[in-house]
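Encoded as structure tokens, the structure appears first; notes follow it.
Chain naming follows the written order as A, B and C, and within any one chain the residues start at number 1.
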Amino acid sequence: MFTTILNKKPLIHHLTNAVTINECANMTLALGGSPVMAEDILEVEEMVGHADAVVINIGTLNAASRASQLLAGQTANRLKKPIILDPVGMGATTLRTQFTKELLEAIHFTVIKGNVSEIKTLIGQVGRSKGVDVASGETLDFQVVHEFAGRLGTTLVVTGPVDFITDGKRQVKLTVGTPRLGYITGTGCMTASLIGTLLGAGYDAFEAATYGTYLMGKAGEVADEAAGLGDFRMGLFNAISLTTEESLKGVLTSGE
Amino acid sequence: MFTTILNKKPLIHHLTNAVTINECANMTLALGGSPVMAEDILEVEEMVGHADAVVINIGTLNAASRASQLLAGQTANRLKKPIILDPVGMGATTLRTQFTKELLEAIHFTVIKGNVSEIKTLIGQVGRSKGVDVASGETLDFQVVHEFAGRLGTTLVVTGPVDFITDGKRQVKLTVGTPRLGYITGTGCMTASLIGTLLGAGYDAFEAATYGTYLMGKAGEVADEAAGLGDFRMGLFNAISLTTEESLKGVLTSGE
Amino acid sequence: MFTTILNKKPLIHHLTNAVTINECANMTLALGGSPVMAEDILEVEEMVGHADAVVINIGTLNAASRASQLLAGQTANRLKKPIILDPVGMGATTLRTQFTKELLEAIHFTVIKGNVSEIKTLIGQVGRSKGVDVASGETLDFQVVHEFAGRLGTTLVVTGPVDFITDGKRQVKLTVGTPRLGYITGTGCMTASLIGTLLGAGYDAFEAATYGTYLMGKAGEVADEAAGLGDFRMGLFNAISLTTEESLKGVLTSGE
């Protein structure tokens, strides 16, 4: 846990998927934040008002959740709260691609985090999204992402064997991590929760995006000593809960 | 596991939140009960008919779940089944406060369990609920809670550094536990599942409320040897599954 | 993990319950597959089109999920994708029994997996389903199941102390497992995910059903060294992730 975050206990409002909702809550807590997952449209605006940051994840949509996500995002913009989007599976179905576009037209995101397929679809190239946890083997020109981030005024995170973070001015590449992070569900979602928690604690967008991505990769390296995937999964929570602010020294400049 | 519960296998019907629904099912099983989570309004009444106790938790609401919770509660009353309410985040949003009031007007609860903010809101004082997992640093006059429980004819549980359980006649304070129970999501929800399981197994309301609260606190103490929060979380399930009826000796009179 | 599955990374589309959705995703990954849980009716057909197999589980229904499950199943049939049904709690409520019948009339399932109560209800005998995780102590004439499977043209799996798998021609009994598999939630659901993953990887229905059932039982035996239920639960994921194709040698002929 980060003592500075624990002392502030930023409230991180998640509108997220049903698969990894518990993991996202626990990851937020492990870093020192306080998660809340309120999706009822009758309370979304009020809860965003209480929140220090908002996390939107389109992993499992339905008509009600789509309406709530739009309202939450617009409210966050109105109240100037930081907000992160995880466009899970963007490109995999027309619904996800269209709904993400709808979100992007209605809401300005502080950070958007996706894998190569998702970010490729985001910037208008055709991705080859197959599912939501599938490494696609695709490549992406990071310079294009960098320029797109600048035009959008948003910090973008592309996760993969090399993670790339850019706000259109600054950029960093991270090689931290382990392939096993792809063998449990929700490590991407949890990364967004870490970034959201850092945003809620007052880190700026580029720092929060870089540190959150780094923390998950590093947790994967620490947990990698586990023989099986059950222990590896719990190892991620162990690692984050035992991490302190000290671990971030030099990360911003380590990549490139 | 409690052998007496395991032999009876009481069916505990949960209408609960999406975040901790798996944890609640596993905690019910760890004590020896049998969980079922049926929320479809077309089967709620029939499932309550099968159940030995009902657990209602408002952690993540939507229009459908609110209707089902009301129907489940009214059915439980009609069939004289014990029912526990966990008013998660009551006071945090108007919806949660209003809906809890609606539940209280339509349903008589056997037990209501909340943190200081939630119970404060419940008894008409203004709470300062910020999220759902946030320790508020608020204080509460337990004598007021005691009298309110008497008027309501309900056993009330206030969780916190000191847990307070009262049915308006008997009362007990418990100091068991560890602050780390606040650093994983759902320990409150799981406490309600333990209480519900004890109710379903035939314990009276005051006993079930006290024992369930005690068991979670004690599990936290046992699990506290874990270095990280992942192992601590699993340690709670280990502890409850390895607990027997013997562990409750003297608990009812230990507090005060 | 099965290297052959990991190399193919079959996409397993789940329309499943809220309680064990995370566990099902992680179990699919642990064997080498890629899970996706898309329930929005606007994307169900498209996602089934991407999928290598479909898993339908009626553990927690609502109006939207029922419509999506019907559409997913019909699409799977149309596209000739393998599909498995887990009729959780069939017989416990009228809704579950009726909806399962509706599914069976509209969809041809490659595999149906249930416990004794569920399969008894399925073949028209009256089950005594009480919840969803309750061992009923009922018995079932496996010969009747065998003949029913033949008439249905579906592979049936009956789980219990003795697991019975039949496609109406071949049949096998398995005695692998541990009673503790009944003390955590979702082992049945996860078995369906394992079978679904094997179907998606190209195993035929009888093989996939037998191997998936065997793998979960064997994982239970391996994990049984854990003292408590938290570690036992994680032990299941450890075990599956450390299993290889070698472990299946002789299983098809071991039973009978």
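The criterion applied here is as follows: a residue touches a chain if its C-beta (ideal position, glycine included) is under 8 Å from a C-beta of that chain, and two chains touch if they have at least 3 such contacts.
Heads up on the chains, UniProt names are A, B, C = Hydroxyethylthiazole kinase.
Owing to the predicted nature of the structure, the values given are computational and were not obtained by experimental measurement.
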item: Degree value of the rotation bringing subunit A (Hydroxyethylthiazole kinase) onto subunit C (Hydroxyethylthiazole kinase), based on Cα positions, nearest 5; value: 120
item: Same or different contact residues where subunit C (Hydroxyethylthiazole kinase) meets its copy subunit B (Hydroxyethylthiazole kinase), judged by the half mark; value: different
item: Centre-of-Cα separation between subunit C (Hydroxyethylthiazole kinase) and subunit B (Hydroxyethylthiazole kinase), whole angstrom; value: 32
item: Residues within subunit C (Hydroxyethylthiazole kinase) bordering two or more other chains; value: 18, 22, 233-234
item: Contacting residues of subunit B (Hydroxyethylthiazole kinase) [partner subunit C (Hydroxyethylthiazole kinase), same complex]; value: 1, 9, 11, 18, 21-22, 25-26, 29-30, 34-40, 42-43, 46-47, 50, 64, 233-242
item: Contact footprint of subunit C (Hydroxyethylthiazole kinase) on subunit A (Hydroxyethylthiazole kinase) as seen in their complex; value: 17-20, 22-23, 59-63, 89, 92-96, 130-134, 183-186, 226-231, 233-234
